[in-house]
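What follows is a set of structures to go through.
Here come two complexes built around subunit A, the first alongside subunit B, the second alongside subunit C.
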Partner chain A sequence: MESRRNPRAVVDPKVRQVGFFTSSQPDSSSTQQQPDPISSTSASSPPLSTISPSGNSLSPVMIPPPLHNSSDTFPLRAAAAGAAASAVSPSSFSYSSRRDFPDGSTTASPGRHSRGSFVKSSVPVASSLPGIGMDSMAAAKSSSVPASGLTTVSVVTMPPGLSEKASGMEVQSDQKKPLKEKTTKAERRAIQEAQRAAKAAAKADGGKVAPVNAASVASTSVKAAKPGKATSQKNDVAVAAGAAEKKGGPSEKDRKKDAPHPRMQYDDESRVVKAKRRAVVKQTEAKNRVELFRHLPQYEHGTQLPDLETKFFQLDPMHPAVYKVGLQYLSGDISGGNARCIAMLQAFQEVVKDYSTPPEKSLNRDMTAKISSYVSFLIECRPLSISMGNAIRFVKNRIAKLPITLSESEAKAALQSDIERFINDKIIGADTVIVKHAVTKIRDGDVLLTYGSPTAVEMVLLHAHELRKKFRVLVVDSRPKLEGQLLLRRLIKRGINCTYTHINAISYIMHEVTKVFLGASSVLSNGTVYSRVGTACVAMVANAFRVPVLVCCEAYKFHERVQLDSICSNELGDPNAISKVHGREDINYLDGLTNNANLQFLNLMYDATPSDYISMIITDYGMVPPTSVPVIVREYQKEHLLV
Partner chain B sequence: MDFQVVILAGGFSSNLVPLVSKEVPKALLPVANRPVLSYVLDLLESNNLKDLIVVVEGEDAALKVGGWISSACVDRLHVEVAAVAENVGTAGALRAIAHHLTAKDILIVSGDIVSDIPPGAVAATHRRHDAAVTVMLCAQPVSGPSESGGSGGKDKTKKPACDDIIGLDSLKQFLLYIAKGAEIKKDTRVKKSILCAAGKMEIRSDLMDSHIYAFKRSVLQEVLDQKPAFRSLKEDVLPYLVRTQLRSEIFSDQNNVEENGNGNGKNNMQNNEVVLSQILSNASLPSFHQVYESGLDSRKTHKCCVYIADESKYFVRLNSIQAFMDVNRDVIGDANHLSGYSFSAHHNIVHPSAELGSKTTVGPHCMLGEGSQVGDKCSVKRSVIGRHCRIGSNVKIVNSVVMDHATIGDGCSIQGSVICSNAQLQERVTLRDCQVEAGYVVCAGSEHKGETFARK
Partner chain C sequence: MWRRSPSFILDERRSSNSPPMADTTRGPFQNPDSISAYYQTRAAHHGVITSDWLAQAQAAVGRVTGEDQPLSSDNQLGTEKSFNVIEEFNNWRKQPDLAEAVAAIRALAAVIRASEASTMMELEIELKKASDTLKSWDKTSISLTAGCDLFIRYVTRTSALEYEDFNSAKSRLLERAEKFGEISCKARRIIAMLSQDFIFDGCTILVHGLSRVVLEILKTAAQNNKLFRVLCTEGRPDGTGVLLSSELSKLDIPVKLLLDSAVAYSMDEVDMVFVGADGVVESGGIINMMGTYQIALVAHSMNKPVYVAAESYKFARLYPLDQKDMAPALRPIEFGVKIPTKVEVERSARDYTPPQYLTLLFTDLGVLSPSVVSDELIQLYL
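Take a look at the complex of A and B:
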């Protein structure tokens, strides 16, 4: 919010066009593009499907498309990116990602419903129970009790590869479809359906649809099988509607699907209802929300976890490792950018390990879809951090880039080692480099201030202590999470001299500080540091006291997005967390006011620190001023993806 | 999800005599005219758990149970039945089938549960905490007939003695202490180290161990192997795990992982893992296990978690005659969503093939099985009557269970009693709080209260 008040040199992205390439020769898929007469901008979306749970129509608050929507493989993006940054809705498209949806996937679903027609091969074999004495004695090793054999008395015959679907579940509608298109496609489809009505109205005047058709004739032929398939999966009403507009349908559909999604705007009620319908996690919207932040998702906390827990066995397609990570996100057992990212990547490693390609599908496509469905599950548990978005983009890119000639086991091994390498190089390796750099900035007699519990800074402090530097640490903390206490405990255990205070006292203690070390959730390409809420406050106070502010941030957390305030993109925490004081039951002045219409709780998770207040950003590429972030984003983004 | 489900269906439970017999093992006792095991199977099936192992004590019982399952669940569930020797206890039963257990975690469900608590919740909690064992706790059920009935006074006084005494940490996530109330005479011992580490312990007697456990397979098998004397899961294995949670002697494999977190790695590869696990463990609020572990090096811990079921959920274990009466009453009464039947407008179920005489009334919360005949001027209240029963005229049945093929003569009055299948009551018998064994004949005109009729 500071950045609003202060119209400083926060650069206009239109002018600088930071972090993007200028166009080289367009590749084959983008040649099909023609300017859309309606929106007049076009961006090519990546071949990989997007991971943000978002719609794609005009949004009241414009948010640039997230990084993962763009792809380095499509250099044409430059023009669109500039346009996107200048607050024009990117209702643009390409047809390159059609290969996500091989045909014939619907043929799997009818079989699933006709379970009754399966051969009943089970025989009442109760009479053939094994004698205890015979086989069991041999089997029991160390126990005194004879082991016993199992007798199958009832079997279910199922075609291989099709898993049983529980009935009456919320997710059932998703599960009817083949798994691979479970969510990303479902999302896009829901959006299409939402726009069908509008389209029908638009069709009445007719003039608009025709040019759109013309623009997308090329793609329609590519996807001849597509319309039938898409409509077959719709409910009856949609099918009826779909038949009527099949002519204009497919092209319109393609266009919508491929457009980069702006972030989902949660104040758009119709869209929220739709998102809720396909959600795995049952989410109840919080009642009293702050008007300014209504576009961010906020759910009743406390109901999601039990609900998800009860569905443990019903979410068949979910990999246990992913499920576990999701639960841990939801319950707050894992927090912090690096930890969340590592936990997710490790879960994906498990997924890859246990993966086997279904018949008649290719590994590249099916696995991408699978990862996408897992990602959308994780998003429902907690919104992704930017670093996780980058990591996901990396994983998907690696999957897409797998040579088709590799055998399945080779491909899996390659992917696993890729993910391993990402964790080791981009996260842990980066941290060691950061530590090496940052430690040179710590001198004897320094008083260092840190805020919250940043992992990189903690490593720096511990390493400096190992080098026997003499310094003192001020740990500044804030409610309700009080993460600083954990950091404090670990620092004290190592024998570092510490002072602990809350952020209220920041102006009082700042005069004795010689350097401020901060962590970051992400660094955006205009140098803005997106971090734990309160970081901006600390940085500004430090700036006012002329104390240098050093931000330790791994380069994989950099993002080409430009954000000027912390309103348009943020995360809302549990509103009740700030009304309660942990461990002090007697402080309950706000009890019973949670549902009062005149009171809204706001528990923001992140804030954006303008680059003016940052002296230096320490990354794995060295120590750079915040103005150099776009260079790193531009020069090394490709490298990030390719490792 | 890498879970295996084991149903411990028991055999001929001694405290359910005379309801169980050689013909009817405990698992097949009818609750609202369905075997009690079917409620467990339904619960698991509705949670998409279709690969089950049913462990039955005794071969005869296993034959019966297997026969019933194969007829009832064909093509719905994949069930394997294992017969174990009688009187080996629950731990012994698991030992006997241990070589069939391969999944990462094992969900152990007692076969005598009538409940609507989703077992997935236990499993999810178990996974989330990476626990060695997770126990489902639920509120103590209300025992005895709810309203007018007047029976079960003796059981009511007996019941509180069987309570579990359960110690929880302040967040109600971990199990710090568990004991059977009956075992505690005057004082009990609580591990000091656990108390110190957890800081605070909440002792509850209003919770009950529901006999639904999630075990880590490696832990379970190791305990069963190491301690051949353990007979019961609840009385031996579980307290042992809870007791030793801060100095675990098991977990050979997990130790390595956790060691990396504390020890200092030698080479670069290991170093990375150290940093990795540190980042992960620093990311979250440490449980008291981790705090304790880091305080004293080279101590290994494991977690014993609990899942506390919502109080609105229904849960009863069929482990006594009183519980049998309660379950039958509830399934056609308060918890009728469990029964799977659709109730008529009068809140009762009368099978279309049942024949009612003139002036006979069947009240709410009643069930009349197929082919049963009821004579004139009878009155049936809050009772379950099985299939093909023949009931004479002027009979009064209140708060009772009459199983299949029973014959009740004219003018009988039955209150709070269980009449097992094929039993015969001659004319003008008055029974109150009695149990009549299968095939027993009660002489005409006799009047009994609180008795058990069984052939010696």
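Take a look at the complex of A and C:
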């Protein structure tokens, strides 16, 4: 990690931020641990929403800044902050140089106001700057526009000397904790005054301010580096001014907050919980990660399992069934969207069965909290799939909707049967309906291509074979999982005529294919199919050959999210899986290079297939074009709540 | 293309005892040499679409019946119990201005009327059986299937019926069935009104096939004193374009006949393409008279809009992936010269136009883009 990040630290930003400065903020706490929870809670606290009525503070439109050297000349980067589309001053979030804002003052963009409560984080930093503090203060301007009550832009300057220091600090991110200081209201006010003065000064000689801030760049990286900790609401957080970097501690944190809010598989809340629960699963983070994917958690595999096993008896809050499932996720014993989802739901059933309401608590609330904590444990073991997210939403919804009049045993029975029904109707039942529909599309003489080992497609093929349709199957597979071999085994056992090839041969083999059947981890509301990595490639080649692509996906895996690429939300697999070939000692060319700073492994688990390449999605609601996924989502969600 | 690939040839050789691919695809169709009943209806209607042709149509009724009976008799043998439905349906569908879906619904209404069921459940089962017979009687007709499905859905999904006593529920169903026929006629008026905004003075419209809706649209446009020109494709082998052009010329609309093969040649002077549809499928594509697909392709490549006029009862829960993915509706083709027996003739009467080549659909639900069709279908059937 160090080796990777050192160079970047030089580049690190110097400050900046946008914040809504009010004097009525709560004091920031002196300890390191507190800020996270605070910021997270404030993120969701009601006052917030009143502050930013436009509600866009949560969805910043961020332009991830490129890497700049400190010597670059973008003194003013109005980065971050929820600069929404509505932004009055669009230039404020582009890399505008200070010249754009000659008066060095604020750009008032309505979309940009951030939570007032975050000012606290900027303050300690500022106050802690000793010498340089004022310099950078001068550079950093932040003021609020009284009229609009909006926030301001900030700027950063950082003398080159500083940056080295900063980088040094940055490396040891773990040591930052004690450094955070607490400021009083008075202090903060004083600082604000100072900033204003500085701004005036800056106005005077606008062009001078040299350096840069690559703040957001750095923050991205930092945050990616420590996904667990990152309280992912970096975006609209008001941030520290000046030489934040000097203090390893606060700066580190600030930057984390500043980082653009990525589309995460888990939202803020659960990420915080995750951070808290970190103690349970000690996953080591992988060291060299590909730049573009730093926002995704990646762990080194193989270390945590024995550790967890020994801990089994110490973890009283964890239900053994959940624990077991978690371990199975971790070790990869259970994989595949449906299998994981069913395992989780069955574990929850166990939980419900063994549950007894603690005194002084209500079942609804306590059970929801319990489920949440289990979910965060499962997330630590492996990031949730979207289908699991939907299932969890269902379970929580059911719990919340339990009538208070029910006795505990009745409530438990009702919940158990609800979960049972979800498994039977939405997963198993859905598959049989999908099979029924899909089989109608298989004609005699077809050559069907499938990729990986999608369970729904396997059922379709087996059923079609039972109906004595004459077809051949082409199983396309890819390293490192080689799941296709399992599918192949099962198909051959039933006497289906199969061909097996790797994805490298796809363009050769595609011209004899008549239909492509794919599975999906999720289908998003713009019709994008989120699936095992390589699926997009297969779909694109098929499209180029004018071969229809059919996606089999149960409707409970649909999600209203929109995703345009595979970058912002994905899962990183074990890098070792692609660096090594099992059983081939002779070709392990990468031995010993795993920790080389110049080498990064990217083992992506999923990719997004644009809807253009998909002819049809087969769900339990029938065969629909990818354009009507939103309709299904809408209808399904409705039903979801009524179930 | 895929059949040429080496592994395929190997496969063929290995299982040379199995029939060749082309035959197996045709296998499921029961009687490849028979003429699609759906096509016959269409042919009959084409002769009688307006009042002028009405007389001929009525004269033809007798003749058509004669042809129909032998054809459908084999089907009827199996379903003796409900041959009523089909007879009823055949009576209705001979009415020239009545769409097939409406005929089906009228036939089903007759089933309700004749039914001796005493509970709603019984009636439903009976109705279901009747609609299944109807559907299986002519698998090639999309609007027949769609009409049956729609009606059954109304019967089984209407909550208003639950609280009434059986007799009033029954009469309400009948009422609804009657209304449906009117709606179908009204639908054409609605579509014609909706489409007026798209026809501007001085435009040239290419029309393919003989669609009652399209004719209605053009008529309305002429009544509104719009100045436009129509190019009609010939529409081999039925000569639908010839019929349409004579209709249009009666309305004093300048019209020009084209060979089917001259579409690309004259496409650059065309401003928009109007076609009807036999069925609108779930993807938003349409199934229509043979040749629509290639016209849509040509129009698409020249950036001309392709408008489809179709009533909403033609929306079908079908999803063809390609041209061969439907039950083919076969028809006889006259070439004027003797065709050697060894020469195969493509006799399918219709093709499938994928949604990406269509611009807009004019329906009684409004002017829809192709992707909305599926939304409507989901809301209709789910």
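Here, the second predicted complex is superposed on the first by the 363 of 643 C-alpha atoms of A that agree within 3 Å, B and C clash if a C-alpha of one lies under 4 Å from a C-alpha of the other, contacts with A are read in each partner's own complex, and residues count from 1 in each chain.
Here, contacts are C-beta pairs under 8 Å (C-beta built on N, C-alpha and C of every residue); 3 or more make two chains touch, one makes a residue touch a chain.
In this text, all values refer to a predicted model and were calculated from it rather than measured experimentally.
Enquirer: According to the stated criteria, A:624 is in contact with first (subunit B), second (subunit C), both, or neither; which is it?
Expert: After superposing on A, A:624 lies in contact with subunit C but is clear of subunit B.
Enquirer: After lining up the shared chain so the two structures overlap, which partner does A:458 touch, if you call subunit B first and subunit C second: first, second, both or neither?
Expert: first
Enquirer: Looking at subunit A, does subunit C or subunit B touch more of its residues?
Expert: When the residues of subunit A touched by each partner are counted, B comes out ahead.
Enquirer: Please indicate which partner A:513 is in contact with in the superposed arrangement: first for subunit B, second for subunit C, both, or neither.
Expert: second
Enquirer: Per the contact definition in the header, classify A:472: touching subunit B only (first), subunit C only (second), both, or neither.
Expert: second
Enquirer: Classify the contacts of A:335 with the two partner chains as first (subunit B alone), second (subunit C alone), both, or neither.
Expert: In the superposition, A:335 contacts subunit B only.
Enquirer: So, A:323: does it touch subunit B (first), subunit C (second), both, or neither?
Expert: The answer is first: A:323 touches subunit B but not subunit C.
Enquirer: Go through subunit A and flag every residue that touches subunit B in one model and subunit C in the other.
Expert: The answer is that subunit A has no such residue.
Enquirer: Can you tell me which positions in subunit A touch subunit C when the two form their complex?
Expert: Counting only subunit A, the residues touching subunit C are 441, 443-445, 447, 470, 472, 497, 499, 511-515, 548, 550, 615-616, 621-625, 627-628, 631-632, 635.
Enquirer: Please give the residue numbers of subunit B that touch subunit A in the complex, ascending.
Expert: Touching subunit A from subunit B are residues 1-3, 46-50, 53, 55, 59, 62-63, 66-67, 69-71, 73-85, 88, 92-93, 95-100, 104, 118-121, 123-125, 127-129, 224-225, 228, 272, 275-276, 279-280, 282-286, 294, 307, 310.
Enquirer: Which part of subunit C faces subunit A closely enough to touch in the complex?
Expert: 1-2, 5, 7-8, 11, 18, 21, 24-25, 27-28, 282-284, 317, 319, 321-322, 324-325, 355, 371, 374-375, 378-379, 381-382
Enquirer: Can you tell me which positions in subunit A touch subunit B when the two form their complex?
Expert: 118, 120, 122-127, 129-132, 136, 139-157, 164, 166, 306, 308-314, 316, 318, 320, 323-324, 327-328, 331-336, 338-340, 342-343, 423-424, 427-428, 431, 453, 455, 458-459, 486-487, 490, 493
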